[in-house]
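As written, the chain order gives the labels A, B, C, D and E, with residue 1 at the start of each chain.
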Amino acid sequence: MSPPLQASSRAFARGLFGAALILLAWEFAARGLELPHYILPAVSTILAHMASDASSLLSAGRYTFIEAATGFAIGGLAGIASAVLVSMVPASRGVVLPIATAINSVPVVAYSPLVLLWFGIGMSSKIVMVAIAVSFTVFLNTIAGLDRVDRRQAELMRSFGASRFAVFWRLRLPTALPLILAGLRISTVRSIIVAIVTEMLGAYDGLGWIIYQAVLRIDFVAVWAAIAVASLISLGFFALVSMVERKAVFWT
Amino acid sequence: GGLASAQEPTPASLRLKWLPQAQFAGFYTALEKGYYEEEGIALTINPGGPNILTENLVATGADTFGLSGGTDSVFAARDRGLPIVCIGVAHQVTPFVFVTAGDGPVETVQDFAGKTVTTWFTGANHVLSAMLAHEGVDLGTVDMQPQQVSMTPFVDGEVDVATATRYNELYTVNTRLGAENVRLFVPEDFGVSFPRDTLIVSERTLADDPELVAGFLRASIRGWQDAFADPEGAIDTIMAVAPTLDRAHQEFMLEEVRELMTAGQAGEDGLFAIDPAAIGSAHDLLVEYGVLSAPVDLDAAFDASALEAIPLEDRAL
Amino acid sequence: MDWNGKRQVGRRHPADAVPVAAIAAPSGRNAGDTGPLIEMEAVSKSFGEVVALQDFRVRITPGELVTVVGPSGCGKSTLFNILAGLEEPDPQSILRYRGRGCRATELLGEVSFMPQRDLLLPWRSVIDNAILALEIEGVPRREARETARRMLPEFGLAGFGEQYPHQLSGGMRQRVALMRTFLFKRDLMLLDEPFGALDALTRAMMQRWLLDLWQKHRRTVLFITHDVDEALFLGDRVLVMSARPGRVKLEQEVALERPRLPEVVTSPEFVALKKILLEAIEEESLKSFAVRSP
Amino acid sequence: MDWNGKRQVGRRHPADAVPVAAIAAPSGRNAGDTGPLIEMEAVSKSFGEVVALQDFRVRITPGELVTVVGPSGCGKSTLFNILAGLEEPDPQSILRYRGRGCRATELLGEVSFMPQRDLLLPWRSVIDNAILALEIEGVPRREARETARRMLPEFGLAGFGEQYPHQLSGGMRQRVALMRTFLFKRDLMLLDEPFGALDALTRAMMQRWLLDLWQKHRRTVLFITHDVDEALFLGDRVLVMSARPGRVKLEQEVALERPRLPEVVTSPEFVALKKILLEAIEEESLKSFAVRSP
Amino acid sequence: MSAVTQAVARPARGAARAALWIRPLLGAVVFLAAVEAIVVLLGIRPYYLPRPSAVFGAIAATPQTYAQGFARTLAEALLGFLAGSLFGVAAGIAFFRSQLLREMFFPLFIVSQTIPVIAFGAIVVLWFGNTLFAKAAIAFYLSFFPVTVNTLIGFGAVDPRQAALMRSFGAGERQLMRRLYLPAAMPQIFVALRLASSLSLVGAIVGEWFGDTTGLGVLLLQAMYNENVTGIWAAIVVSAVLGIGFYGTIALIERGVVFWGNEQ
């Protein structure tokens, strides 16, 4: 259909406009105030660096995205699965929820030495870290969504002889879907950042690795360039999940 | 005290390169004993950490003084146009070593070939490369990997050679493997030296207030002298600042730091001596490896004038 | 049987007049075809301070069509919730299904229930809402959809199969809910004001439709309505409930011949019965307004 | 205009006795006091393919009580949505309020509207749901609550002021919605099946209550119902709508004297009118079942 | 009558509350005992997993340090959380009201969340110094985004007919927001607040890595880089206790605010 498409292309245009506005302000601020690179490099400087370093940035971006997306998938599934478990077995709630909260109350980076120790310095440790971070967000949102179900609707289904599973599949899950997808949407951005942060603590490749080295080389233009790439990837990831969301939650 | 203590003390801050530990015992001792106050300086010691860059904070004026990464980071900062100057070098020799299992297959640097070697890709890797080059080892034959925070992979034998600061990782390795079971490769033995832990100020501070800089140096040196004279007292001071630290480790650290600070040129020129030769060789190494885009003006980057304003006998060991 | 005798036309039914032993008897009888399908005895249900049902007793014979009237808020929907297995009555209440004492939850899946609010699922089209119960029973979706699609015109929903609930009028939603209930074929059917939002003719058509279905399949039907005409036109028996706490105030046999034609509403018997019912309801409605005035 | 002429016929409306100027007066708002309050001409409304209203025209005089009947799904609620300012009719439609052409949105806040579904807010108690409109008008909450509390018994809700919607029966919810509407005092009142979920007596009491209110305050009322008796008992005029697309099929003046007693429903005039209406509705209902069969 | 209802309900609620605390507590004790047993029985080396008793021993050795860290981190997280929640909801409202604003600036919100603060420790210190506010700022930065997203989701789920009704009562945008959208979105907003409580804590702790002297983050960092695994776990445990307390408080408030369940 064309109206939604039009709407989204207009949204896209406005988004670009908003971005352009900010970038211009940034450019003028950096140039006008003659800010040194180590405070805020001008946009044009960053873009130039991105262009000159495109191939290594792209390959690092790909590496990071693979970590983030894999961790996102694992964490998303784990989050949904544990929320389903908790909602199907109410007795488990009192145990699972505090443990999940406890794990999540500590910055993922705090686990990084342990995770790096357990899973090594390669991709798997980043994937684990992303999965931890994503699973909690998705878990919380899913639980809330599953709880949101209208009691009377569930009762009606039960009067049709629906099993717990049937009520879950036909009622609770669709009811929870908007919140589950919101959780996934928030998690896209976090998954990239967690991958990057973990890479900064030890990695072979990836944007975080580039950032880490650039910080120590005091090369802030390179840092900003890597972050710009991370932002673009995150935006794309976010848009992708938003698209899935619009398709899946068509009735609101 | 050079400045009249009647005057209003000048506020200033020292940004460390890391969290409070015995590596910085002298500064904390000086602070506790009021040596900075005597110089008319109201000093705050700000800890560092893995994610903040001392050079940056000093360059922007957020902090007055910095104990920064080392000669390498001073080069890099100057290379990027950060207006900082090194006014003293703490560790006169390379503070890290390469470790391998005492009974392991690696007995010489030549043996690194075909082995897994982990190191920090923040300077230490160039030292390693230079060592290998010095010993005629083809870089391509060494599996050089980034080293993570933990030494456990090395202790577990997953890694053949690892990098260790003499005051931190080496302690971990020694306690877990036994010092007698660890073989060390010291960069200086292979023609490479990398003095680290540099004291820095901004160009402007040095130009505008040389008295402040000299006063700071004077007090700091007194602090360090006291710390070396009374290690137990210095450790007490550190433990009060960071009570969760392991005291035995801190005692080890202070001893190692003492060796690093009193090695080389410090024997003649006292604490924080700036050894142009060592700095020059480190600089040339980084230029050679392309880390520095262009040679750095070392005379502008390293300024011993403040140090030299203090009588040598006050700086001597 | 005594209780049977009681179910005579116009018999007022205050609880205390019923010999309890006689009521309790049938359980001894083996669950023959002649036994009641559902029996409730001394059923009560409270929500905190509000007593919705108190000492409610009724006996439904298989194949009966019983209509229920009573003042708003007297506990009709609560009664249905219990019979559908959704709400457990207070302890001490006695519930029997096919002669066997049981808990309310055991009735889940045994009863086809149409709730007062339609409770359509917003993410399902008309067709898919209608086949919800079939799907739960495991009927292949394709087949279920086909069945439902064929029924659309009968419910005045032809052409609306692919619409979503928010695109329907109030009466259309109600008809979708009705379809959903009819597609869930069970011996006992509970309809809570199924025709409340329908215009006179649509209502009349749906009534005829219901009677047809009932006659053909001999399902037992309990039917809540506020329309006394409807209660008499459809029912074998009308239960008039008292104001809250709800009890059976009156059990009115409707001895009108079937099939009943629309004209029956003007017959003297009908008018006489209507008068009895209206009086009973009015008395109770007045109570429910008088009750609890500050 | 012949449309006007129609309205003269048999006009025995009490409003005739009251100087029209006095009716419209209270607001002191300008313009054609004698003119219609609301006029719709050639109003259409489509939802995609579904045409809900087509060429709808009506004229409502201040102080009138007009009832609306029509087959389910014919567009009655859509009509109300437009009059309440919630939905804009299709372009070309003409809408006039107090003689002045206007867009539907301009009617927001001018009309007190009771929707078909109660739309109570689950986080507000009965009292707080009832005072919603007052609060929006800026009446201090305390005062509004006091007003509402005093009205509870009249609505058979005494003692339920602090309950939440999920604790109410269907009819009780409807009465809360009704209360909320009555507390929002506007010249034009739109009631969409307000008594649909009420039992006969509660309904009768509410009807009397509505007539009282209307007589006292001379509010103009538009009232959707499926009950032809109710439409005739209450209305000055009954609009019978055609099957979808909804138009005015018949405008029936109800020339029954007021105050009307309950007995009026058996009077020959009443029965004659009822017959006319039923015929008209039946014809349309049948159409709406015939329409769009696959 | 509601007073009576409450009186009747109170003991039950009290028991429920007790169960609320006892069960997780019991769960935690059982869990820790199990870990202790596993570590001892399987002979897991402390570098991989220290015994829980050793971890608690480490906390008991310098309880004051941990208590001070707890208090400081709590203060930072709380400040950031409050600011983040308020801003998050406010941004949600603004984005909901103005499509233009949303389309122009929501992408920037996303971008803002892609910036790893850790890479900019120096800039944080530069802008905010070594103050409590610097940490609160990071806590704020991490917590507002989910709140905004969920606020929007909550607004989106409001029954449009309910909004229409309020409009017909003459409700303006402000009234609609206050009396319909905000309360209706509360369940969703609270989901985000629970999330934000955890994230703000993460922000505070990470913030303390930029050259601070007190706080759980400092203890954590110190232990991490000294490879003091027991110390890492000690800091993790104290953070977790803080996190659960924070989270539990939000959940408790939620219970009071979102009392109406999931009807209609």
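Here is the rule we use: a residue touches a chain if its C-beta (ideal position, glycine included) is under 8 Å from a C-beta of that chain, and two chains touch if they have at least 3 such contacts.
All figures in this text were calculated on a predicted structure; none of them were measured in a lab.
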What's the fewest number of moves from chain B to chain D, given that each move must go to a chain touching the current one?
2
Distance-maximising chain from chain D - centres being C-alpha averages:
B
Per the contact rule at the top, check every chain pair and give me the one with the most C-beta pairs in contact.
A-E
On a C-alpha centroid basis, what's the spacing between chain A and chain B, in Å?
38
Distance between chain centroids, defined by C-alpha means - chain C, chain E (Å)
49
Where chain B touches two or more other chains at once, by residue number:
50-51, 53, 56, 60, 149-150, 152
Within chain C, the set of residues that touch 2 or more other chains is 117
Within chain A, the set of residues that touch 2 or more other chains is 38-39, 112-113, 117, 150, 152, 200, 215, 252
Chain E partner contacts - residues on chain D that touch it in the complex
81, 84-86, 108-113, 115, 117, 119-123, 132-133, 135-137, 159, 162, 164-166, 184
For chain B, which residues count as touching chain E in their complex?
15-16, 18-21, 46-53, 56-57, 60, 62, 149-152, 155, 168-169, 172, 176, 241-246, 249
Considering the complex alone, what residue numbers of chain C touch chain D?
47, 50, 69-74, 76-77, 116-117, 149, 152-153, 156, 158-160, 167-172, 175, 192-193, 196-203, 205, 226-228, 278, 281-282, 285-286, 288-289, 291-294
Touching residues on chain E, where the partner in the complex is chain D
1-2, 159, 161-162, 164-171, 175, 179-180, 183-184, 186, 258-261, 263-264
Using the touch rule from the top, collect the residues of chain E that touch chain A in their complex.
19-20, 23-24, 27-28, 31, 47-48, 100, 103-108, 110-111, 113-116, 118-119, 122-123, 126, 145-146, 149-150, 153, 156-157, 187-188, 190-191, 194-195, 198, 201-202, 205-206, 217, 220, 224, 227, 229, 232, 235-236, 239-244, 246-248, 261-264
